[in-house]
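Chain naming follows the written order as A, B and C, and within any one chain the residues start at number 1.
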Amino acid sequence: MIETPSLVDQYCHGVLRTELGLGTFEAQLARTEGPPAPGTTLFDTQTGFAVRRWCPPLLGLEPHCPPARYLARRRELGVMEADRRLLRGSGITTYLVDAGLPGDLTGPEELASAAAADAHEIVRLELLAEQVADTSGTVESFLANLAEAVHGAAAHAVAFTSVAGVRHGLALAPEPPGPGEVRGAAARWLTGREVGGELSDPVLLRHLLWIAVASGRPLQLHAGLGEPGLRIDRTDPVLLTDFVRATAGLGTDLVLLHGYPYHRHAAHLAGVFPHVYADSGAALVRTGARAATVLAEILELAPFGKILFSSGAQGLPELHVVAARLFREALGRVLGTWVAEGAWSLGDAQRVAGMIAAGNAGRVYGLEEQVPARPAGNVSPLRPG
Amino acid sequence: MIETPSLVDQYCHGVLRTELGLGTFEAQLARTEGPPAPGTTLFDTQTGFAVRRWCPPLLGLEPHCPPARYLARRRELGVMEADRRLLRGSGITTYLVDAGLPGDLTGPEELASAAAADAHEIVRLELLAEQVADTSGTVESFLANLAEAVHGAAAHAVAFTSVAGVRHGLALAPEPPGPGEVRGAAARWLTGREVGGELSDPVLLRHLLWIAVASGRPLQLHAGLGEPGLRIDRTDPVLLTDFVRATAGLGTDLVLLHGYPYHRHAAHLAGVFPHVYADSGAALVRTGARAATVLAEILELAPFGKILFSSGAQGLPELHVVAARLFREALGRVLGTWVAEGAWSLGDAQRVAGMIAAGNAGRVYGLEEQVPARPAGNVSPLRPG
Amino acid sequence: MIETPSLVDQYCHGVLRTELGLGTFEAQLARTEGPPAPGTTLFDTQTGFAVRRWCPPLLGLEPHCPPARYLARRRELGVMEADRRLLRGSGITTYLVDAGLPGDLTGPEELASAAAADAHEIVRLELLAEQVADTSGTVESFLANLAEAVHGAAAHAVAFTSVAGVRHGLALAPEPPGPGEVRGAAARWLTGREVGGELSDPVLLRHLLWIAVASGRPLQLHAGLGEPGLRIDRTDPVLLTDFVRATAGLGTDLVLLHGYPYHRHAAHLAGVFPHVYADSGAALVRTGARAATVLAEILELAPFGKILFSSGAQGLPELHVVAARLFREALGRVLGTWVAEGAWSLGDAQRVAGMIAAGNAGRVYGLEEQVPARPAGNVSPLRPG
């Protein structure tokens, strides 16, 4: 009844290029500290069950078939063909891709081609800074090159993303650090650093955020569930409140990614601040059969024009599929129930569904004006016509 | 099936006296930092949808009609007549009114008259202190006048309310400040202050709370969602635990207003401490179609004799209507489902519904013994007969 | 449809041996600071309603009969017979019992006999330390005796349990304290202490935790709701993250008890760390008609092999009954709904139900290998065969 004909995935990664066995596939289903406990398997999770529900039919199998059977079929088809079938079966027509993860993952162009969809690049700020550090000889050249790199990235990327919350926690001082403070932090970091060394200095993280804010591109901030072993209260989006207020009125939108289990807090910020948006989707992959409830919790405080869909998927195209299917089903069920109860009109529900699935993302990321990463891909404009 | 024939709104404000256009009406639907983002409207929120569901029929229109049509009809009727129709259609029979907000809002008497209901006054402690400061020449006279003003207010008000959480956060030292500390804080505040200046000094906020506790009148504490741009974790009611323990056994009840998104914490305190009560209602206006779930979350830990209804409405009579309708429907659905499942008996459900809707408030605020603010109003005693 | 033929209650206490009147019975329904507020009763809570739903039929009365009638019937039967009927009607086949509470409660053997079930002992670390302190003359003998006592307890107990969170809060330094630090803390504690004095020193609490970790027995940590008047945010299981990481890979499992209202955080830790398990059940007794939702929230992030059932019951056999019945009904409803929606297969749902009800506990606590506390009891092996 409530239909979402196209989906914009506002945040995801590429998929693994290698063939996967049962164990290597299972390891991609969750982000954990260490292997599953003896006697348990990561297939026995909401994500595992959702994969077994939605993906086997796309490869010609029965839903809920055993993992070993699914993996056998996947290998039979080959990773390229499995990727194609899965991604094209997801219903996602535009992917915004953060290619800044280690590992042999497909980039935006390759993802677009496999999916017969559009793809655009998201630039990960911390990786950009690390790459600049690898090639800059002095503090002065590092800082100049960094500003230029962010400026240059803004010309082709649809958005920036920051994992400052994961690296340091979101309780960062809200104002931009002063020039002397930045130079001092850069000097300390560059001195102690080997090539490829991670950026986790809070002053430089803040400096990066503020350069990105100045670029005018939407800035995505990771919040809630992130690195598995870290304290999740340190990525509660409520900790961003003062930074959010400091960036109000500057013309740059902030998008709070993930959010769960603090998604009600993210929704609150999206409700209060005109330039803040809340993510839905990535949390649904983790919570599976509970997706409708988690989505409904986001829909409590977040204005309907401020909610975006993402899969947050990485490694397995199954995760893109599961995110999209769970999201669509959850959205249809939640809004459909409200219509059935008389709380919402059907027309409003259909309009809101289209906004959350694609329309809001189109507006925030300016997708109509954007050249897709792979023009040769099967271009599916958001609003055909 | 589960009926709540009368409702006591234990915390609300008056309504605007001026005619409203589409934009000025929209601005009252939510408390935000700045205007809606381009391409979005505050009508596309749970509150906006709930207003469009419940209010048009009270003015002779179809539910869910477009905002512009609703506003046109409202102007056609005139603000006085629209207020009358809406307030009388809310089902609220007693309003406890905090008149301590700036803006051209109706007071308790005018609200009672428009609503054909009872109304009683709630005194806002911080405003009282600011008014006393405006007219007191010295620290000594300020402190003496303040004590007298609170004492005097206790004679006619049904309750005190404090926004200490919004002004400073709820992490206040639990014990009463000493006399020297109070004098010092008062001297600093009065010296730097211009007429009308806001009270946010933590020592004076605590001093006020303790004077109010000594008065014996119920003390309402704002918690959870408050000022839009503030960090909501600073108003988590759990921060009040030590203050709550310090005030146990003194004979004064504490009522935790709002609470959301920390309403489970407020419910916990209401469950543990005999003198603590939890609010339901204000959160429902914000969460609209999700009202039943939010109410059910409060009903987890809070004893049923410790839950009160409020609208928290301000400015628009539509918000009083929406709060009351959402609350009634949510209560009926939640309790009705439990009866249908066999978890509760019907008799218990009906009894509990009456307690939460009106009975608990009648007991806590002593409403039967109270002279209503406007005796000439249509007096609807809580328990007729 | 979804059946759980046997239940392992991984954490409970014994029941009172004395006859109870209406007031003494009511006082056991919740843990509060002081008696119920005037005009209210603890029977008007989710726990009270759940007791009235599930227990009267076990004593030959109608569900939801008035409390006074239920208590009269209970006295008519006598406490021994009432205990027998209630415990045998609970569906629990194995009880893991923390006997470390004050009051005239039955121990594991007596509980097993009354319930015609198995029972095993859980040793409470802080009580053990207090008992050792009562009989040790010097710091050196105290520390040596303590290590020996924990070692000795590990030989017969199925698990250790710690209330460090309740005594101090869970924000303990994650690493084991050094020997000098421990000696200093022990000296201070023993000097100021009278016989029976409570252990709340954070250094000694940590020392105890680390001795227990070294024993290899599962270690249960109280989190979420605990002592009624304490700040619940101090027992948020997220505060354990660094301790959890510090104990990873040592071969000892950690079980987070209760968790509510932070049960989503506990479920997250169970999802991330191989050696962490999440409790369900104790929260259900408190939330009654909301049990299915609370259980479903735990099932979002916690892998299905990492969730255990407990009643957390103490004093009243009614609480063991209510926990078991609420858990079974909630599990059946939640999983049954997911099957009906096509999200889960029926086979998976049945398998997972058995894991959460008994299988996971059997594996974690090694129950098949364990000699029950009262071999003469009605031994009901977990997996008959």
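Just so it is clear, a contact is a pair of C-beta atoms (placed from the backbone, for glycine too) under 8 Å apart; a residue touches a chain by one contact, two chains touch by 3 or more.
Fair warning: this is a prediction, and the values are worked out from it, not measured in the lab.
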Please state whether the interface between chain B and chain C is built from the same residues or different ones, using more than half shared residue numbers as the mark of same. different
Compute the rotation angle for the C-alpha superposition of chain A onto chain B, expressed as a multiple of 5 degrees. 120
What is the distance in Å between the mean C-alpha positions of chain B and chain C? 38
At which residue positions does chain C touch at least two other chains? none
Note: in the complex, chain B contacts chain A through residues 30-37, 39-42, 44-46, 49-50, 53, 63-64, 225, 228-233, 261, 286-290, 293-294
With touch defined as at the start, can you tell me which chain A residues reach chain B in the complex? 236, 238-239, 241-242, 245, 248-249, 253, 264-265, 268, 271-275, 296-297, 299-301, 303-306, 338, 341-345, 347-348, 352, 355, 363
